[in-house]
Amino acid sequence: MLFMTRMQVEFPPHLSPEQVADLQAREKEYSGNLQRQNTILGIWRIVGQYANHALFDVPDNDTLHEVLSGFPMYPYMSITVTPLAKHPNSIR
Amino acid sequence: MLFMTRMQVEFPPHLSPEQVADLQAREKEYSGNLQRQNTILGIWRIVGQYANHALFDVPDNDTLHEVLSGFPMYPYMSITVTPLAKHPNSIR
Amino acid sequence: MLFMTRMQVEFPPHLSPEQVADLQAREKEYSGNLQRQNTILGIWRIVGQYANHALFDVPDNDTLHEVLSGFPMYPYMSITVTPLAKHPNSIR
Amino acid sequence: MLFMTRMQVEFPPHLSPEQVADLQAREKEYSGNLQRQNTILGIWRIVGQYANHALFDVPDNDTLHEVLSGFPMYPYMSITVTPLAKHPNSIR
Amino acid sequence: MLFMTRMQVEFPPHLSPEQVADLQAREKEYSGNLQRQNTILGIWRIVGQYANHALFDVPDNDTLHEVLSGFPMYPYMSITVTPLAKHPNSIR
Amino acid sequence: MLFMTRMQVEFPPHLSPEQVADLQAREKEYSGNLQRQNTILGIWRIVGQYANHALFDVPDNDTLHEVLSGFPMYPYMSITVTPLAKHPNSIR
Amino acid sequence: MLFMTRMQVEFPPHLSPEQVADLQAREKEYSGNLQRQNTILGIWRIVGQYANHALFDVPDNDTLHEVLSGFPMYPYMSITVTPLAKHPNSIR
Amino acid sequence: MLFMTRMQVEFPPHLSPEQVADLQAREKEYSGNLQRQNTILGIWRIVGQYANHALFDVPDNDTLHEVLSGFPMYPYMSITVTPLAKHPNSIR
Amino acid sequence: MLFMTRMQVEFPPHLSPEQVADLQAREKEYSGNLQRQNTILGIWRIVGQYANHALFDVPDNDTLHEVLSGFPMYPYMSITVTPLAKHPNSIR
Amino acid sequence: MLFMTRMQVEFPPHLSPEQVADLQAREKEYSGNLQRQNTILGIWRIVGQYANHALFDVPDNDTLHEVLSGFPMYPYMSITVTPLAKHPNSIR
C-alpha cells in the first residue's frame, strides 16, 4: 500500500554540530535500511529546501506511523502523508 | 532530471458526459505513451480526490512544460511542479 | 485500518431540485449499506455546514478510494483523508 | 453531545526528557479515565504527526473546555473543536 | 449554551431581484423569531460585508444545526461556528 | 459603537509561574472594570483555546486601541478587531 | 474616525459592457461626492489590480457601513476594513 | 510616487526594556523627520496591534528600500509594500 | 525602476476559441512591443501553468499600471507586483 | 535552464554581529562568483524585506540544489524555486 510523504527538517538552535552530524549519520543508516527492505521505494531531495518527498510501501497505517516515528530526526520533522491508490491510467 | 507533480482536475459544468469520456480516453492514451517512454516513471491516484501525483523524468524545463501542456485535460487541471534532486541518503 | 474523512458537498447551480433529491436518496442508501458492513464506523454532520466527518475501516487505500468515489454525490464533494493509527493512550 | 477535536502537541525546547516522560505518563492516565467514563469515545493517532483526532461526548461546552484544559499537556497543545450533530444518513 | 457564528451570504447570479427580496423578507422574520425566543442573543452586521456575527443560546449541537439550516438563506451562506464557554473573568 | 474582538494569548517560555499568576490577576481586575463600565458588553472563552471573543462598546477607534493596549497581557496577545454595525434584522 | 479599506472589484460575466460603463460612471460620481465631503480623504489604485486602498473619515461604524454599501459597485466588491487610531509618532 | 505599507513590530524576548525604549525613541525621531520631509504623508496605528499603515511618497523603489531599512526597528519589523497609482475617480 | 510580476491567466468559459485566439494574437504583439521598448526586460512561462513571471523597467508606478492594464488579456489575469531595489551583492 | 527563486533570510537571535558580518561578506563573494559565471543572471532586493528574487541558469536540478545549498546563509534562508520555460511571446 503506497503513501507519498513530504518531510521538512528544522533543527532547534540549541543542537550542536556534533549532535546534528550524529543525527544525520543515524538517519542515513535508518533510511538505507528502509530502502533495502523496499519500505521506501524512492526518496528525493526537494531543490532548495531541507526537505524530501518519499514513496512508502507498507502493509497498513500503523506500520507507516511506526516507521515514520522511528526516524532519528522525527522530533525535528514536519510530515505530511498522502494515501495513494492505483491510477486508472497507470500501466505498471 | 526528476520532478514531482500534483495535478488536480476540475471540469467546467458545461462539458457533456461524452466530451468528458472522450477527454478521459485521450488522456489515458497520452499518459500511457509517456509511461512507455519513461517520461512518467510513476503515477498514483490521490485517495478521495480527482487528482494524482506523478514522477517525471525529462531532459529540461521546456520539455516538462511541453509534456504537461500536451495533456488533453490540461485546460482543466491545476498543476504544481516540484523540482527534485538526488537525496544524499538514497541508495539508488 | 482507520481513516478520518471530511466531506464537503457543493451542488452546481444547474441541478434541479429533483436531481438533488434523487442524489440524496441514493446517497442515504449507499451510506447506510457502508454502515451496515462496518466500512463506515461513524458519520456526523458538521454543525452549520453541508459537510460531515466520517470514520472508515477499510483493508487498504485502494478500497477506500473505490468506496469514496462510489458515493452518488462524489462529483460534488471535496474530500480530505487523514490516515489514523492506534493511539498509545487508547484503551480500546 | 458530540465534538470532534484535533490536538497537536509541541513541546518547548527547554523541557527535559524527564519532564516530557512525566507529562506523557499523566496524560495517559487522564486520557484513560476519560475513556472509561465515556467522555472520550475514541482517540486516534494521526499518522506521521504528534497529533490526534478524538471524539468527545459531553453535556455542554463548559464541560468540554474544562475537560480539554485539564489535560496535563494542555499548555503545549493546539486544539481545534468541531461541533457535531446527528447525520441524517447515520443508522446508529 | 453559547456559540458565536459568522455567516457570509453569497447569492448565485441566477437569482432574480424578486427572489432575493423574498429571501430577505423571510430571513428577517425567521431571525426576528429566533431573537424573540432568545435563541439569538445578538446579531450584528460586519462593516463592509454581506456578513454577520451572531450569538446563539441553544440547548445542544443538534438544535443549533437545526436552527442554522432552517435559515431561508442557508443554501447561500458560509457559516463558521465557535463553541463558547464561560470566561473566568466574566462578571455576568 | 460596537466591535467584536478575538484575543489569543501566548506567553513566552521565560515567564515564571509567579509572573503568569500576577498577569492573570491584574487582567481579571482590568477586565472586570471594563465590564462594570459597560465598555465590555460580553466576554467568552473559546472552547479548547487560551483565547476569547469579546464585544466592546466604545465611543471611537482611539478609545478602543487605548483600552486594548492597556490589558496587562497585551504584549502576549494577538488581537483581531471586527467593526460592527446595526444589523437590519436585529430587533434590539 | 479613520478607517483604511481595501476594495476589490469582480464583475460577474453576465454584465454587459453598457452595464459596466453605467456602474463605473455612477461609481465615479458617488466617489467624487464622498471626497468633496471629506468622507474619503484619499483613494489610490493598487497597481496591476482592479482594486483600491481608500482612507475614510466617518463619525461611526454605522455610517461607514452605510457609505460602503451605497457604492454602486458594492454588490461586486470584496471589502476589508481596518480601524485606525492615532499613531504615537505621527506629527499631524 | 506613492506606496502603502503595513509594518508589524515583533521584538525578540531578549531585548531589555531599556533597549526597547531606546529603539522607540530613535524610531519616533526617524519617523518624525520623514514626515517633515513629506516622505511619509501619513502614518496610522492599526487598532489592537503593534502595527501601522503608512503612506510613502518617494522618487523610486531604491529610495523606498533605503528609507524602510533605515528604521531603527527595521530588524524587528515585517513589512508589506503595495505600489499605488492615481485612481481614476480621485479628485485630488 | 524594476518590478517583478506574476500574471496568471484564467479565461471565463463563455469565450469562444476564436475570441481566445484573437486575444492571444493581440497579447503577443503587445508583449513584443513592450520588450522591444525595453519596458519588459524578460518574460518566462511558469512550468505547468498558464502563468508567467516578467521583469518590468518603468519610470514610475503610474506607468506600470497603465502598461499592465493595457494588456489585451488584462481582464482575465490575476497579477501580483513586487517592487525591486538594487541588491547589495549584484555586480551589474 | 532557468529558475526563478525567492530567498528570505532570517537570522536566529543567538548570532553575534560579527558572525552576521562574516556571513554577509562570504555571501557577497559567493554570489559574485555565481554572477560572474552566469549561473545567476540577475539578483534583486525585494523592497522592505530581507529577501531577494534571483534568476538562475543551471544545467539541471542537482546543480541548482548544490548551488543553493552552498550559500553561506543557506541554513538561515527559506527558498522557493519556480521552474521556468521559454514564453511563447518572448522575443529573446
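Note that the chains take the letters A, B, C, D, E, F, G, H, I and J in the order they are written out, and that residue 1 is the start of every chain.
The rule we apply is simple: a contact is a pair of C-beta atoms (placed from the backbone, for glycine too) under 8 Å apart; a residue touches a chain by one contact, two chains touch by 3 or more.
If you're wondering where the values come from, they're calculated on a predicted model, not measured in any experiment.
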The chain pair with the larger count of contacting C-beta pairs, comparing E-F against A-J, is E-F
Among G-H, E-F or B-I, the pair whose interface repeats that of H-J, with over half of its contact pairs matching by residue number, is B-I
Taking each chain's mean CA coordinate, chain F and chain I are separated, in whole Å, by 45
Taking each chain's centre as the mean of its CA atoms, chain A sits from chain C at a distance in Å of 29
Two or more other chains are touched by the chain B residues 2, 45, 47, 61, 64-65, 81, 83-86
In the complex, the residues of chain H that touch chain G are 2, 4, 27-28, 31-32, 35-36, 42-47, 52-53, 55, 82-92
Given the complex, residues on chain J that touch chain H span 13, 45, 47-49
Given the complex, residues on chain A that touch chain D span 5, 12, 14, 61, 64-65, 68-69, 79-81
The residues of chain F that touch chain G in their complex are 1-3, 60-62, 64-66, 81, 83-86
